[in-house]
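In the two complexes that follow, subunit A is the common piece, with subunit B as its partner first and subunit C second.
Right after this comes the complex of A and B.
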């Protein structure tokens, strides 16, 4: 241990000073190298430096790693033990020879590299590699395969539950995540490119695409936008999303995110580009179209008829959650003639005691609901149920009984809430949440006229959006009839002959002709029943 | 520049929302929904309109403590004026809320008003107003004040106007002796020179005052029920008389409005021996010139079931069925001819023969247009032919009455 303290003492005068500029490459003096490392990390105790003597010449060497980032067992059993047991082949082995021998004969691991540059060495040290310095040589080893340490294991997705299909979700570890997709798409055409973003966090960001399907202009654009990012930290893929999206002022999401490897795989096969960010299970997908936010993985696993039905249902849900309260406000304050007589009488009777105009009533209820939702979201699970009881009782029951809000309004808010939860994409659900209030305002001021104006403006906005060069409303916006097989309807797999040409213009063939299943012709009838009949007779 | 422009646009857009001040906004609690309008004439010759307002709290009842029971589901306010708009204005002196006509489904006009002044001037305001629906049903108060029809409560339907409207609808469908005619149809008939309107009449049986109290609903039998009672015949917008029963049914038949009805006919010398239920029918009316005079032919094709036999008839025999078909056809033909004869006397073409003739012979029509009702229609030659078909005889072929008779013998 003493060399540590020595080193520390030597390094101490520089400690409080601004750190010296890093020398370009390592020196052949081990002590110099070690003190530089210590100085660089400010003697952080989790940087472990294990000094040892190897070979018959008892050459001084050091193993450096970051505690917690390495697999301890692997490190101790294979790396350090092998080094200690190393016997030189000849007595007068030179240091460079020793270096080669160690590389060739001693370290029983992959991912070993000789490095001389400090920047590369420190970089690999920080992602969990182990460094081996040997006195008298100006090269060091980086052993990348000692990476390890604690991480969350693969578990079920929390935001995208499916009834049918893979139940695994991404983890926080980028290499695990990439491997999960590799396990699904086993082709050398699955290409991954890595980069580091964040001047402080040096976060690993990888883009993944299928080289033979993807539109390479999009890949270039993704790389260009990622390289443009100059920020101190990337803590989640949301940072990337907000820094590379096309229209930051739009309330609509222009980048899809998912935590399911099969969703990524399916989209890569349509020619999209995935962006993996270390430290988050949410992987980004570009380019996206609006209709994609209404698709779920189940759609492709279930039969096409029910999938199509649920697609329509989701569009319907989208409109309910968008203009549900707005329609109620407009109908009850401007267009009473549009409500059936019996219904308008019921609503009128319930509103008799309500002291507020419909729009205020609606705003109160919607805000109360938003408050409840926010409260329920942040609370520990144990208290969460209390919130729902208090919220349900106070808002639902007492407010109606007190005559502050009318029961139809509660119904409208409840339906809207359920509808917004039923939207498959949370990203769209939250943008609808904001737009709902705008529509309520328009409905209160102009009635249905306002709602229609709002819807027209929204449609115009949606049609003007682009996601990495792809029109957001495609293939509905620029209407391409042939490509509508996976939009409002989900065509059966045997009819989905082509990929969307928006993303994979050079390679759109998806399946062979005549994929529609049919019984064999002519049908053979099993003669089982007649045989049975004969037996009975005998 | 563009940022500034966006900002300005945002300001202007939000100004348009906030400064318009919710133009034409109407809270449900600020309006009084009119269920029915009844128009009488008072001694001074003014309109005396009674508005039946919904009282939502007493109709919906439900949640807030039972509701119903205590107070009537509607409230009636009466105001007078020289025009309908004046009535509307005067009404505001009596009622706290703004009358709202979009849910009005009934207009009642008193017989007296329809006779003396005609219905045309009354309906103009309703036709013009944006709230009033042209699909509103129109009825004439037969023998009572129009007001009585909106003040009398009904048992099954909470809202009396609803009761009248639905009675009208169902009786037209089941019996075919009343016509459910709406505002637009009335106005079209008034305007057309080749047609006169026929409007259903309603009356209150018994003391009209007795039915206005909520207590009257406590009884199983209403003391003064509202019933459909004949159809008013108009000429030049004025009521000239009433027709009812098979005469009225014949009119609907010729107008091709009949949906189903029951025809009772004799068999083997016995009266009312057999009921035939019409389930569908199609009437074609065509016109041409015959011997230089307008000529109308009415062809009816009907289909139906045997609904009831009161004497033993062998319904298994196709010949019997054929004979029944013929008998019924003859009877219907007679009914329609009688009805046309009666109507001719009134010189009011409620059948719309003039319109048919107009369509068939536009040039000839120009010549007779002016004198159609008074000179041509009363002497119009009308051929009626009826084709009957028995589709089914119900669940049974021969009645058990046949077996009873056989057993006795």
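Right after this comes the complex of A and C.
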């Protein structure tokens, strides 16, 4: 082996242990403590150490915080100023007494703790707390309420637009997100549990559930799976999603994600568990069933008949985007006899000049469309429209006029594309995008037989999935008639008497009896009362 | 045995789909001419009796499948030999049904595709499903049952609006001699109703064993009625002479639909229904055959057997007959007499006698020890 590699190998252990092992707790010498903090952070300039003297006692102290993670205004006005103006009550006050006095009288904030352990101190420093060290004491304060700094404010959702309903969306800040749900469900039964995942990122992950509704086995299972995660970083909830799902070898999403607090609230009320991850507006929901990906929040806000219609429409859309091109390929390649005569003549006439078999034609068009979509997604908005114009012109017009593809194929691909955008859940739309190509292959090889076999296989696959113990296709398979009030059809609210017992094991009663609204008793028509009524109305 | 549970509803759906699977395409009881639909009803009565027979035998050994209780009744050596024959019978039927559906697709839509390729795709699906287990199959059954029901109702409505149903085709009723009708009934007992035998391998999965009897009786009854109604519709649309010359009467019936100059050539309805039915028929046969083999040879992980035995079934389906006429001939002349009759009727009867005798002995012993 060359010495170069040897050298590298020898250097490696030094890199993995750059600093001395951490001492367990702080010392009473201020300078020692400060130098340890500096050394620990490698003198990073964003770790601000402000040394000061505490008011009248002239005791040396230091305030440590991370620039950008704290609210400067709050820190200056309340913390540093109060410390400087501290007046000790007695002349010969001992250090521990002073410590208590400062805790009791000086810091006008919540979230103040006395700490001695370095690990805890550094951890809270990194989430935006301020540390206060006082010379001569072996305790330090952590002030958690100084957390602040810049963050995105609450804005409208970008992926789940609604026509009716709350326009709020989650932000990147986990505490803001949790508070947004708390503002909707105001009950002490809304429980939150926190943990940190990621050896490097120490990402805050919280699970939230309604203690009186949730199935506690699911909560235990969620906690078990989260605790099992040993990874260096969690940058987005997608990391968690892929690390805790039941069946990783499946194209279908087994965990729901949303950026709308009202969706989280609605699902918590059905007994699901929400998983919040710091740094992302996408909150996870488990357990989930397949049909949920076809539901939107405004289904529940609109009238039930309209909502039911749109749900059927979405299932239809799902199948179009899944097998649209495949059916075209199968029909033109194998089953011309199944197309009505006039139609088949038109298609055949158009296809006459096309030099490819239908499957190649479809593949070219679908790939072109995927390229266009990917290009449009990443480009700046100003150029994005150029792409669509160029793409539309080139593919829609020029390719047809050149006789490379047939107009019916363009229609099929365009309908499929629009259908795939109309699927409410992007997670399902993206897996359908993948499966579409498999179905096109089956159609090219076996016609409708291949498509039907593929669909049955997909159904078997979907039926074999589970999400945190709940069958993925429930309540369709296993069929639970009672719970079909909120699947393909959306029963009116006055008929939705129960929560789905799939998720909430113990507490399924949702509303009182006789919630169906009805007009008041018709007024008995007497001659007097009608006269009176007339007067009132006039 | 895998660790799985299915609900009575799921068992019912599986039984109905299984029985309708191939019998809805291949006409049954045609010796009775336009009374075929009556013959099917008679066959159904026989099917109910057969079901009760299987249920009775099984009820002496709850939670056990036939390959497990055969050695208990007939002694380890003889019992195992018969259990082995029974497993072979199941494999043969699986291969037969696979061949049926493969040939059907070749004739109906894919004249230029090799049978082996068609059967290969079937087996890919079947092997995948069997590996996923009975629970996934049962859930799929519930969903696809709805699909089939919607297709059937739609077709029926379209047929009515199309005006193709002519009940005069069913007349005269009871034209043939009673003996011919009885013969037709007898034919339809073993196929399709006698094939319910395979569910003796599935009952142990049922969550409520008590309901097995009711579920089974209902399933035979409902599928018999559906079959009879379908046959009556086919007869009234096509008439007997056309029907007897048609390879797939149901397809011919559906092809008569021509509505609004657009709703025509609904072959795809037929295709969806047939493929779903075929899927359940083949999968259940392969599943029970593999479970039987696993329990007979004490293989703990039955999923290990799925690939090799699935492959064997695939090759068996090609090898059992040289061509389609030979296959059909065997199915009509040889199989009912030499395979269905012993395995569906004679052996279960012998098993019942054995079980009753064994249990009497046991009771006597128990009394003696008391």
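Here, the second predicted complex is superposed on the first by the 504 of 538 C-alpha atoms of A that agree within 3 Å, B and C clash if a C-alpha of one lies under 4 Å from a C-alpha of the other, contacts with A are read in each partner's own complex, and residues count from 1 in each chain.
Operating definition for what follows: a residue touches a chain if its C-beta (ideal position, glycine included) is under 8 Å from a C-beta of that chain, and two chains touch if they have at least 3 such contacts.
Here the structure is a predicted model, which is why all the values come from computation and not from measurement.
**Student:** Tell me which partner A:446 touches in the superposition: subunit B (first), subunit C (second), both or neither.
**Tutor:** Touch partners of A:446: subunit B and subunit C.
**Student:** Where does A:337 make contact in the superposed view: on subunit B (first), on subunit C (second), on both, or on neither?
**Tutor:** both
**Student:** What is the contact status of A:347 with respect to subunit B (first) and subunit C (second): first, second, both, or neither?
**Tutor:** After superposition on chain A, A:347 lies in contact with subunit B alone.
**Student:** Could you look at A:279 and tell me whether it touches subunit B, subunit C, both or neither (first, second, both, neither)?
**Tutor:** neither
**Student:** Is A:407 in contact with subunit B, with subunit C, with both, or with neither (first, second, both, neither)?
**Tutor:** first
**Student:** State whether A:111 touches subunit B only (first), subunit C only (second), both chains, or neither.
**Tutor:** In the superposition, A:111 contacts neither subunit B nor subunit C.
**Student:** For A:485, using the defined touch cut-off, is the partner it touches subunit B, subunit C, both, or neither? Pick first, second, both or neither.
**Tutor:** Touch status of A:485: no partner.
**Student:** Determine, under the contact definition given at the top, whether A:358 touches first (subunit B), second (subunit C), both, or neither.
**Tutor:** first
**Student:** Both subunit B and subunit C contact which residues of subunit A?
**Tutor:** 334, 337, 446-447, 450.
**Student:** Flag every residue of subunit C that touches subunit A in the complex, lowest number first.
**Tutor:** Against subunit A, subunit C makes touches at 7, 9-10, 105, 109-110, 113, 118, 121-122, 124-125, 128-129, 132-133, 135-144, 146, 261-262, 264-265, 267-268, 271-272, 275-276, 279.
**Student:** Write out the stretch or stretches of subunit B touching subunit A in their complex.
**Tutor:** 17-18, 20, 22-29, 31, 33, 54, 56-57, 59-64, 67, 100, 102-103, 105, 131, 133
**Student:** Where on subunit A is subunit B touching in the complex?
**Tutor:** Checking each residue of subunit A against subunit B gives 332-334, 336-337, 341, 344-354, 357-358, 407, 441-442, 444-447, 450.
**Student:** Can you list the residues on subunit A that touch subunit C in the complex?
**Tutor:** 334-335, 337-340, 446-450, 452-453, 456-457, 459-461, 463-464, 471, 473, 476-479
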